[in-house]
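Note that the chains take the letters A, B, C, D, E and F in the order they are written out, and that residue 1 is the start of every chain.
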Amino acid sequence: MSLVVRNIARAQAAIVDQLAGFGVATVHEAQGRKGLLAPYMRPIYRPAQVAGSAVTCSVAPGDNWMIHVAVEQCHAGDILVVAPTSPCDDGYFGDLLATSLMARGVRGLVIDAGARDIAVLTEMGFPVWSKSIYAQGTVKETVGDVNLPLVCAGALVHPGDVIVADDDGVCVVRREEAPAVAAAAAKREANEVDKRTRLAAGELGLDIYGMREKLAEKGLRWVDEA
Amino acid sequence: MSLVVRNIARAQAAIVDQLAGFGVATVHEAQGRKGLLAPYMRPIYRPAQVAGSAVTCSVAPGDNWMIHVAVEQCHAGDILVVAPTSPCDDGYFGDLLATSLMARGVRGLVIDAGARDIAVLTEMGFPVWSKSIYAQGTVKETVGDVNLPLVCAGALVHPGDVIVADDDGVCVVRREEAPAVAAAAAKREANEVDKRTRLAAGELGLDIYGMREKLAEKGLRWVDEA
Amino acid sequence: MSLVVRNIARAQAAIVDQLAGFGVATVHEAQGRKGLLAPYMRPIYRPAQVAGSAVTCSVAPGDNWMIHVAVEQCHAGDILVVAPTSPCDDGYFGDLLATSLMARGVRGLVIDAGARDIAVLTEMGFPVWSKSIYAQGTVKETVGDVNLPLVCAGALVHPGDVIVADDDGVCVVRREEAPAVAAAAAKREANEVDKRTRLAAGELGLDIYGMREKLAEKGLRWVDEA
Amino acid sequence: MSLVVRNIARAQAAIVDQLAGFGVATVHEAQGRKGLLAPYMRPIYRPAQVAGSAVTCSVAPGDNWMIHVAVEQCHAGDILVVAPTSPCDDGYFGDLLATSLMARGVRGLVIDAGARDIAVLTEMGFPVWSKSIYAQGTVKETVGDVNLPLVCAGALVHPGDVIVADDDGVCVVRREEAPAVAAAAAKREANEVDKRTRLAAGELGLDIYGMREKLAEKGLRWVDEA
Amino acid sequence: MSLVVRNIARAQAAIVDQLAGFGVATVHEAQGRKGLLAPYMRPIYRPAQVAGSAVTCSVAPGDNWMIHVAVEQCHAGDILVVAPTSPCDDGYFGDLLATSLMARGVRGLVIDAGARDIAVLTEMGFPVWSKSIYAQGTVKETVGDVNLPLVCAGALVHPGDVIVADDDGVCVVRREEAPAVAAAAAKREANEVDKRTRLAAGELGLDIYGMREKLAEKGLRWVDEA
Amino acid sequence: MSLVVRNIARAQAAIVDQLAGFGVATVHEAQGRKGLLAPYMRPIYRPAQVAGSAVTCSVAPGDNWMIHVAVEQCHAGDILVVAPTSPCDDGYFGDLLATSLMARGVRGLVIDAGARDIAVLTEMGFPVWSKSIYAQGTVKETVGDVNLPLVCAGALVHPGDVIVADDDGVCVVRREEAPAVAAAAAKREANEVDKRTRLAAGELGLDIYGMREKLAEKGLRWVDEA
């Protein structure tokens, strides 16, 4: 039996938007270096930087039927997260589905498979992070699930989790942890301002972070010639 | 023995140009979801969208001699299609060969191997779809065939077939089928105009395509909570 | 024991700058088709074209500590070359390290691993050639070597060698050979000017290079029909 | 903060052993075609067929420290499941760790990274399913978690879940679902006995499964010549 | 519309069997170094060496319905050749289908996708060359074609062509060319007997093939020290 | 200009043989975790374990001419190490070349490209570590170098270095360092005997290596329930 779960909890819009501003690398660090999707997930155009609440959708290989089902469950501010039940590069998603999602205020698509019509998607300004770009059409024969937890590109995503995506890739933040992660990311970013200034002025990380002694303890030696 | 076939039949220019306008995804769908080259074939710059008649050329690994031979067989409106006889990433093609092809009115290159000088090719506006980007030079020692059928990136290409290529990749249309495919693509595109309008207005694909009943038959159930 | 070598010989600045102007494909040809790094090394933005003296740095997988050490050894006009001791896609390098390198006049980074913060690096105009783009953070636990010879993406790099990098990839030129390679590249480029003009005028490579006879000797035959 | 969870619930030994007998393909089908790890997970020797309760372990790239920690949590009948926090091919596991696990009655290892000493492991008869085979040694610097849920080769594994592994790869069965899956697998296997006999006797699947009519409805036509 | 072609021409059984004896490398050389499938096509067990007449079958991704259709078209001495319409690693084929094919005297399977139940297939002695090994089950929803030409793993296969497969991979021989290829292979093999004897006796290929002069002409020089 | 260097220094036979006995993982550890070739280098049959002195050979893509040249430079106890000048999977090496090498007492081949005739090579007992298995034939048109240093599968190999290869892959030991590495490996192996006995008796690595305190310092905590 396949299920569509209609009501899912989402993080506060303000928190989601705050996470969007930090970007993937900072958010990933702020939550203890977890939550990244595999590095093969790339944006179809750059720059792109968004965050949104995950609506999850599992699909059969070569079959995009469930994406049509998932669209109805998407709200403004969401990001649709699609994973096939076995590895597939087909073009599950194109400009018509993007039109439908944009009409609902959806902020982007993350799909562990292929997208197509990427020239049009680029013009429309609808960002997609995908495993591949491939025009291969799909059928509508097999049902899957919407808004159940799934593994997308190696990361576990629960419906309602916050998806942060930018040129570096995609990161998922547990919904319950989103406020704490946002706070930690803000702190981290503030902390980096000073470092950036000092580094730009020519100060060395070796000195700023006080690394020289620990390096020597680990056996590093400086010599004048090889 | 290796052969160069001088006279090949080509599709009508008007049909070729019409196919260019539709793009890869539409053409591929219009001909029954066939003809795509492998998804690893990517354009060296974006956006790019062309169609042309295939001049085919087989090359030895690391040997671009036959491309020089193929240039002579290329006419205005053609696209050169190159496949190595065993997998190779070398840079078979650069700005000099592109200059030569542009002088003849050739519209692009599709190569199941590597290209180089891509910054110059981008400035020149000569589009290339390739498996790799690699500066590795090639030798001129081994002959191959020009204008015999070949398999390029997993697709069978006959000389004179129509190649359609854009940001989504590359598709081949049998020369004999080109008029019918163009007609089917036109119909498909017209059909999508209305759908796009309705989707943009917020109507759901589920309703436009009448999918709800069939989904329920397949066992899909909607629930309020997981 | 791990070593940091402080004093390395570098090629003359004028030679390095001259090599930058030729680009990767020409330089690689000029030195006898050697020195290319693997084709998976791609620039994070395009166009980008630089040359510089290599400061080399080996790092443990998932550990960027030694990059901080290497920064101190970088001079204006250098390019930092980083290779992990086992294959790794992590994001060793981001905008803070780039800020530090830019402050020292470093021209770019070549890393056989991942980079992150690429949107910011793109805005900063700090070019990076990497194997992957990945936000994954790294630790600072294990020491390596700075300015010892290493293999980066399949190519042997000695500290002080000249790194040439552009949209086609990355090439290394032995420091001792740099003047001769620059001279050969200049000659090669001059030689191509005339060829480009003739090709643009519609003359064929087959005729310019006098290939027809040799092709026939190898058994190539031209026929009118297949 | 990193955690080691000492007490985990396991499925009944009888159920685990029953699942071992069915093998991966049957178990995967019996639970609705879910739970497979990625196809790159291969046994280091063949044939091998086991099932056991998962003890999970996350490790830093190039760092096998936590495997030593996980050993202590392994009981007789368990299978150790290891996933790196970012992609890594290093040889985390060799004959010494295997000796330790065998001493505790552990049935095998599933690791989304590399193993080494595979000739010795083969002689010892300790089965390993891994992403790679690589002698690269690892450090002991960074802590991770034992017996928290993790994603291994694309599949979510909870501690105590049943791991089934054979020459076809690896499958995970939720602990709570294990009895039902075992029952469904038994039924499926019984059902296949009759089919196998009929197919071996020359009867066609087309007839056994009554497919001809449905195929014709979908538009399939039989013709005598192409 | 999808088609099943019932009557296909096959090569003479004696020729097919003769080709089996030569193996892939010799046959590929004998026909002018053409016809190889991609090197990712590997046997599920070794050693295995067969030849047979191709029955071709196209399948949708994740859908093995057409294999059941193709079984009926297979005769004793055939090899079933299956290619998905887009790249797929699913386990289209297992022990039940193998039982059915063995009952008909089919000699093996070549599939540009995945197989499963490989431990049982190995015991049965039914050889399979596949792209992957994966337990992932498939659906039966979409029709394709049987006995139309198709591209399998980069090679064009016509129904009735001779497939030769061994531990080195898979090669296709055009049906019309099979007798000539068999004759050329026999000649090649006879020719190698003498060479093997001379090489085993310590004579050098440099001398047997008279290469020294040509090597020197190409600029090769022997020196005593580097 | 291409060179064949005739006289190269080799390590003492006794040292080479001693290194063979330790295997790749131990030797790699004994020399400070360096010298491994990339993990894609796999033996064509298992088990296989050898060591020998490297004769190096660079080849053009798809061109095995220089292997014939290299054979003459091989002595009893050597291992031939071949690397293409650009990535290539072709079958450079088969049973005739193996016959020639065996006649000279050569112990194996390491090739960063493809091998063929692997069924015969297996019967002959001539071990090969290769990147691929592929029947694709090669030409004899382009010269390269024998016994110059080269990079093979990511590792720098000097002629005369000791190659150690087994089921785990391939490792290179600098000729000058071979005696010290052999001594360190012997020590390491002796040290492991005791550990293996204690681990087999059920003692934990945590206790043998005294890891508990350091783990706690790094923040690891043991809890009874998740």
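The criterion applied here is as follows: a contact is a pair of C-beta atoms (placed from the backbone, for glycine too) under 8 Å apart; a residue touches a chain by one contact, two chains touch by 3 or more.
Nothing here was measured: the structure is a model prediction, and the numbers come from that model.
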Joint neighbours of chain E and chain A, given as chain labels: B, D
Which listed pair, B-E, D-E or A-E, duplicates the contacts of C-D in over half of its pairs: A-E
Intercentroid distance (Cα basis), chain F paired with chain C, Å: 28
Whole-Å gap between the CA centroids of chain E and chain F: 30
Centre-of-Cα separation between chain E and chain C, whole angstrom: 40
For chain A, residues that touch 2 or more chains besides their own: 33, 36, 39, 85-87, 89, 134, 136, 142
Touching chain combinations (by label order): A-B, A-C, A-D, A-E, B-C, B-E, B-F, C-D, C-F, D-E, D-F, E-F
Chain C-facing residues of chain B, complex: 1-8, 65, 68-69, 71-72, 89, 91, 94-97, 99-100, 102-104, 114, 116-119, 122, 132-137, 140, 142-143, 147-148, 159
Sites on chain B touched by chain F in the complex: 60-63, 85-90, 134, 136, 139, 141-142
Of chain C, residues touching chain B in the complex: 23-25, 28-29, 33, 36, 39, 42, 46-47, 49, 166-169, 171, 192, 195-196, 199-202, 204-206, 209, 211, 215, 218-226
Touching residues (chain side chain B, partner chain E) in the complex: 33-34, 36, 38-39, 85-87, 149, 151, 154-156
